[in-house]
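Following are the structures in question.
Next come two complexes, and both contain chain A; in the first it sits with chain B, in the second with chain C.
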Partner chain A sequence: MALSTLLISLLVTSVIIYFVSKASWRVGAILNFLIGIFLISYVFALHTGTTSDLGTLFGQKLQLTWTNASFYFSAVSLMVIVSVMLFAIKWLDSQKYPAAFNMFLLMMTAGSLGVFMAADLVTLYIFWEIAVLSSMLIVPMGKKESRKAAVIYAVMSASGTYMYLYGAFLAFQRYGTLNISEIAKQMVSDPSTGIKAAIFLLLASAGIAKSGIFPLHTWLRIAHGNAPDAFSAVLSGQLVKLGSYVLMVTVAVIPSLRVFANIPFYSGIPATNYFLIALGATSIIVGTLMAIKQDDMKMLIAFSSVANGGYILIGIGTMDPMGFEGGVLHVFNHALAAAVIFMAFASVVYRTHTKKISELGGLIHKMPITFLAYLFAIISLAGIPPMSGFISKWMIYQALVRKGMFITAFIAFFGSIGSFLYVFRPLAGVFLGQLPKKYKDVKEVSPVMWIPMMILVVISLIIGIWPFPVLQPIESMRADFGIAPMVKISDPDHWLIRGFAGNWNPVLVFNLFLIGFIIAYILYTMFPRSKKVDLLAPHKEEGTPINIYTGGEYIYTPELYHYNTKFYAGFERMYEKHPSWEKVLGMLAKFFHDLGEWVHGWFFRPSPSAYAFWVSLTILIVFWVRW
Partner chain B sequence: MISLLIAIPLLLAFVSVMWKRISKSLFFLAAIVNLIILLASWFPNGVEIHAMGNWKPPFGINLVLDNASFYAVLVVNAFFFLVSLMPKFVESYGTSLMLLMAAANGFILTGDLFNSFVFMEIMTITAVTIASKRDNFYNAFKYLILGGIAGSIYLLATIFAYTATGSLNMAHVSMAAISASSLIAITTLYTIGLGVEAKLFPLNGWVSGVYGGNDLAPVILGTSVSFAALYMVGRLFGTVFHGNGAEVLYTLALITIVAGEVAALRQQNILKAFAYSSVAQAGVVVAMISKGTAKSMGLAYFHLTNDAVAKFVIFLVAGFLVYNYKNLNGVFKKHKILGASFSMATFSLIGFPLFAGFQSKLRMIMALFSMKDFLFPAVMLLATLIEVGYVVRWNVRLWFEEETQEKAETPVVASTIALILAILLVAVFLKPEIFLNGAMKMGNALADSKDYIQGVLSVVKGGM
Partner chain C sequence: MAAYKALFNLVVAFFLVLSLEGIARKIMARIQRRIGPPWYQNFIDLFKALSKHPFSNGWIFDFGVLMALGGALATAMIIPMGSITWTPFPNSDNFFVIMYLFAVGALGMAMGMVGSGNPWASIGVSRALTQMLGYELPYLIVMSSVIFFYKTASIHKLIELQRGGWNLLVMPLGGIVAFISLMGMLGKKPFDIMIAPAEIASGPMVELSGKYMGLLHIMHVFSVFVEISLFVDVFLGGGSFGWYLVKFVVVWVLAVMISSVLPRFRIEQMLKFYWGVPLGLAFLNALFVLLGWTL
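And now, the complex of A and B:
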């Protein structure tokens, strides 16, 4: 099957899925899952270099082509999407619009695959918009706030997309082609730095908006936080990776080191790349600090996606072989971790109907498998060995240190430590601690829901021990982009990843961890178990746990004394009065509203005599100008 | 034969005054006969004229059918035909609609400046009667005043043209050598005179009141009549005055785009919101026409066709909703087909892929870049960004908010038409040639004034 046939038939199938789902949404969801499985096998069977035509626009061929990068990003995306499709077979019974969900999910899959396959800028744009449109229509299916979230998501995404489109046509105007690799070739020989930089930054802005990099990151909180729960896994695990892909295209497919060789800024990195790196670093700071503050668990991980998008951008932006591989590997790691975390949250919400951390607690007793999935996912997200998340962060640090980028390296370390703080908050607040009485009948979710989580966790663990199957396609990608390393980075023969400051032997590390775990387990079995005490206060019928001493005082608002309220109060107080970027963007939106108000008030509302006045004034002005 | 396009609706309009009861059927008859006549004389690929009373041009009044006027008349009559399929909608406005149809056809077909003024006046007056449906009198009155001012300025421009060239025939005026200063006066006055109908800022104060006042006015005025008015912009500034005064049009149009979109953004009434969006789209079309090449004009009318189809669906659905529900939250849950058509039409308006608007918007931007115009695409994309904001907001509100009311009866014919047009928008995305070929022929015909002059002044056919 040709690539274009595949995508078009996927789009058509999605409409069929809608009508099937109308009859029985479960059949639709199962069909979706089967299609997903087929897609995975299809993707693995494709040979690089396969191309197919999509049509022409003004004599410009629109083409799809299959590259190593397409393979890598498609495989990661499908892993996340297919898991969510499996998850949805059960989870959808809590949703209001299952049929539309199935349709748009498949449509979005087609759009995303099209983006990764696109050989030219307009094809990329077309499939990009399909992915945005269909995902934007899933977002408002959530709770009340999700409606507003959809609008904000659409507008922020569009602002990046239209800048991209402007850049695409600017490139077309200058180089007479839309083909990405042709443009890349011509940009190298183009003498005008200004136009090249403009094209570069305009194209990158689509990626900035989509992957939640600093000035355009605010939609992640509201959209990921309020979208239907399982779909947040796709949004954060897969959809933001479209942005990372576009960033990679602008930085690596267009060989930015050679194109901007005349404007070096620091340690051989051109100013344009450094600008992106600075944005990435800002995202890490903003994302981490804001994540620490959140009481809403989904918003918390949404901000962590901002920070992780920053890591990916920094890694790729250095264009250092180690950094590039680390950044691209981080795409894989974050996709898996975020997907599992959001699916775990979806399971929790599915059973408890709340996403406020302070209203939850002690679910480890009721949902142990979900807890395990979450635990392993956050270990990976925080970058702790032996999970795969460590390796990518380690590689990025290596690159930063080698390049001597100390400030960026410091920020990256800061973000990593901050991530320990924020991933611990839901762990302590949702799964540990005491179980509120109202959740005493909560059960573990069905296997259909925990199996996809566990599969992703196991993959992440295996890749943490033996990362070479993932590093292999990344190395071929790196070779495609002509980023040559000084030493062989991935060395499966010696079980090593070779860095500039020391090597990493994942197998050895795993074994050490395993031994440590075994010792700890032996100690655990040797010593007596802890006893459970019921501290539930009897004076409130819903029974919020209060593990505090009340000193004879009657407590009216036990929630405020709950240890999960203001979990990191001391830390948060340090940046309580931070400036809010959301407010700045809100002001911009308000500006357009006010402008509309003004135009309406002056020109559109008035009486006929005022209209006559405007007509005469226009005549006078036009005559005055033209004479 | 082409005079029948004007004569039949005009005649039937007078008949319907006496025979009020069947005015709807007469309107349907007029629309379908016109459509058959048009299909019979499919794209003339040359210039056919009809000299009234056998007065050889440039002396008498003549009607001109070339590719440009044919495409415009086709689109205009197609929309009238669609309206005539919905008798519930037409109510007692059959006579007005027929008169409007005659006037719009005449306005497009005429090759005479004064005659076009006459038809424009008839068009405005009948449009005002339609605008006053549902007691929307004050807004109709505003439109009447503005239309009257515009008419007199249009007339003044025609008088100036006559003084400068001694002729009223468009072809004749086009070939005449006019002094630079008179040309400035003429084109400026035409800009203002047409600007009111073409919805140019700041002459478009009437639009929201008229389109937002009832359900019939936006459907017909926002599609057919604005197509006719924008056709005349292309004819006058493209063919007759060879692009003189295009910079003024360009500037006003760009301001129109931004003003229209920001005004739409703050609008709480759905009909008015999309009325402002139609202002902005008219701005896009006028700015594109003002670029003056055959390609740019062709793309302008391609975009206008897509926009008109989308707007027809949007206004049809919105009009139904506004007059059947007090609160629009979540109404599409009850009207899935209307909702799907509405959403598809609005997405086409933004220019999302999978819908017709994408084809025209992308081509326009591409053409503008190859003309080295970097400002207009930026304005267009900014406007689209604002458009995304309110279009998504309306869609989300109409689909997902909590519903509160009892279901009103679904209009079967209207929802069928809306759905067919929405599917047409998808078809145009897949195969843009459906509209693009005709629009491009129109653009070529408008830009080629030599052919027009030759065609009108050398060939004489027909007679009354």
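And now, the complex of A and C:
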């Protein structure tokens, strides 16, 4: 099947899925899942270099082609989407519009795949808009505030896309082609730095808006926080990665090191890339600090997506072999971790109907599998071995230290340690601690919902121990883009990952941890058995206390002893009065709103004489100009 | 061979640090004009704790303790002790790997202790993580400049490259900052905010009884070993195994002496302290390294 046929038939199928879902949404969801499985097998069977035409525009061929980058990004996306599709088979029964959800989810899949396949800027734009619009229509299916969230998402996204479109036409006007690789070739020989930089930044702005990089990051909190719970997994795990893809296209496919060789800024990195790196670093700071103080667990992880988008941008922006691979691998790691976290939250909300950390607690006693999925996902998100998240962070640090970028490295370290802080908040506040009495009858979610989470967790763990299956496609991608193709980072023959500053063996590190754990277990069994403290005793029978507690005190209302509000109060106090970018944007929005009101007030006076005046004036002008 | 070396690491760590902890109690007592317990007191305490019947607060409490001890053991096995001869895994002793593997133990402990359901434990963990944000940043900046300077993050190579002079003398600012950060890592006063027995009833340790107390004490022993060994290896050069032990003891005694005369910081004071002078000096050190102004 040609690529264009695939995409168009997917779009058509999505409409069919809608009507099937109208009859029975469960059949629709299962069909969606099967289509997803088919897509994964299709993606793995495709050969690089496959092209197919879509049509012509301005005498330019619109083309789809399959590259190593398309494979990598499509595979990651499909992993996330298919697991959410499986998750949705059960989860959708809590939703109001399951049929529309199924349709738009499939439509969005088609759009995203189209973006990764696009060989020219306009095709990319078309599929981009399909993905954005269909996802935008899913967002308002959430709670009350979701309508506003969808509008903010659309506006932010549009502000990026229109800049991108302008950049695309600027490139077309100057180079007479829309094909990305043609443009890349011509940009290298173009003498005018100003226009090149303009095209570069305009194209990148779509990625900045989409992956939630600093000036345009505010939609992530609102959209991720208010979208239907399982869809937040797709938003954060997959859709945001469209932005990372566009950033990669602008920075790496257009060989920015060669194009902007005449404006080096620091350590061989051109000023344009450095500008993007600075934006990424700002996002890390903003995302981390804001995530630490959120009470809404979904918004907390939304801000963490801002910070992780920053890591991806920093990694790719350095155009260093280590940094590039780290950034691209971070796409994979963050996609998996964020998807699992949001699915775990969706399970919690599915059972408890709240996403406020301060209202939850102790769910580990009721939902142990969801807890484990969340636990492993945050180990990956915080970049701790043996999960895969560590590998990409390690690579990004290598690049930053090699380039001597100490301030960026400082921010990256800050984001990394800060991530320990914020991922621990839902762990402590939602899953550990004391179970409030109102949740004493909560049950674990059905296997249909926890199996996809566990699959992603296991993949992330396996890649953390044996990362070479993912590193190799990235390495061939790097060779395509000509970023130091001689440097070999993954060395599967010796089980090593080679950095500029020393190697390490992920298998060995995992085994050491395993041995340490076994020794600990042996010690644990050698010594006397423990008596159990039943933390749920007060729930089982009214008036039973927990027996050992704070020096033997008897506790009858344990939920009062659950510490989950303002977890890092000591630290939060230090930046309470921080400047808020959301407020600045809010002021801007207010200004335009008032301007509109003012114009509106002029034209739409509630008196008939004003209407008569405007009508006669219009007629006069028409006569005068003689249209 | 590597396995024997790793095992040797564990044995050394256990006996060395546990005796040093006893010696620290003695030193502290003498500074405060008391007599103090005998140097082997901590061995007695540990085995007594391990032999008692404990209480467990659920499976995550047990799992957290195992994960904490497992992570600390794994990290202690990678650490080189002063030369390539005593480097169990020369291919994986990368600084960032050690730092992050070390975090597994910390996360396990935090998770298990919050799993006990006691609010003091949660407050203690919140303080511990905030403190981590404080001391890690100056430390990581200093380590980045060291790695940038020597073009390697492998600890045994860093030891070899210090033949010409100890790092403490090559970049004295970095050495000082690293030592201040080490104080925070060790949780010595004025940075014992997360334990603070008088305020939050020993924080994370509040619910520990019997063997859980013992196992986490062992974890603490290995953590101290990792933290001080990293400082000794990276800043105090290499040498024979004996020299390594001497340096280890000197660093420990110095830390104990400083801590026994200082009161405790509050959490904001700690953050402001670390993000003030030590962080500034760390950046200054990085700038000197970039400009090539090393001694």
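Basically, the second predicted complex is superposed on the first by the 554 of 627 C-alpha atoms of A that agree within 3 Å, B and C clash if a C-alpha of one lies under 4 Å from a C-alpha of the other, contacts with A are read in each partner's own complex, and residues count from 1 in each chain.
The definition used in the following text is that a contact is a pair of C-beta atoms (placed from the backbone, for glycine too) under 8 Å apart; a residue touches a chain by one contact, two chains touch by 3 or more.
The model shown is predicted, which means the values in this text are computed figures rather than measured ones.
In the superposed model, A:Gly383 makes contact with chain C only, not with chain B. In the superposed model, A:Met136 lies in contact with chain B only, and not with chain C. By the document's definition of touching, of the two partners only chain C reaches A:Trp504; chain B does not. Of the two partners chain B and chain C, it is C that touches the larger number of chain A residues. Shared-chain residue A:Leu165: touches chain B; no touch with chain C. When the shared chain is aligned, chain B comes close enough to touch A:Gly596, but chain C does not. Taken together, the two complexes place no residue of chain A in contact with both chain B and chain C.
Residue ranges on chain A touching chain C, taken from their complex, read 362, 364-365, 371, 375, 379, 382-385, 390, 393-394, 397-398, 400-402, 404, 406-407, 409-410, 413-414, 417-418, 420-421, 424, 427-428, 432-434, 496, 499-505, 508-509, 512-521, 523-524, 527-533, 535, 546, 548-551, 558, 561-564, 567-571, 573-574. Across the complex, chain A meets chain B through its residues 11, 57-58, 122, 125-127, 129-130, 133, 136, 140-141, 146-147, 150-151, 154-155, 158-159, 162-163, 165-166, 169-170, 172-173, 589, 592-593, 595-597, 599-600, 603-608, 610-612, 614-615, 617-619, 622-623, 625-627. Chain C makes touch with chain A in their complex at residues 6, 50-58, 60, 62, 65-67, 69-74, 77-78, 89, 91-97, 100-101, 103-104, 107, 110-111, 114-115, 117-120, 122-123, 125-127, 129-130, 132-133, 136-137, 140-141, 144-145, 147-148, 151-154, 157, 201, 206-207, 209-212, 214-215, 218, 266-268, 271-272, 283, 286, 290. Those residues of chain B whose C-beta lies close enough to touch chain A in the complex are 141-142, 145-146, 149-150, 153, 181, 184-185, 188-189, 191-192, 195-196, 201-208, 245, 248, 252, 259, 262-267, 276, 347, 352-354, 358, 362-363, 365-367, 369-370, 372, 374, 377-378, 381-382, 384-386, 388-389, 392-393, 396-397, 399-401.
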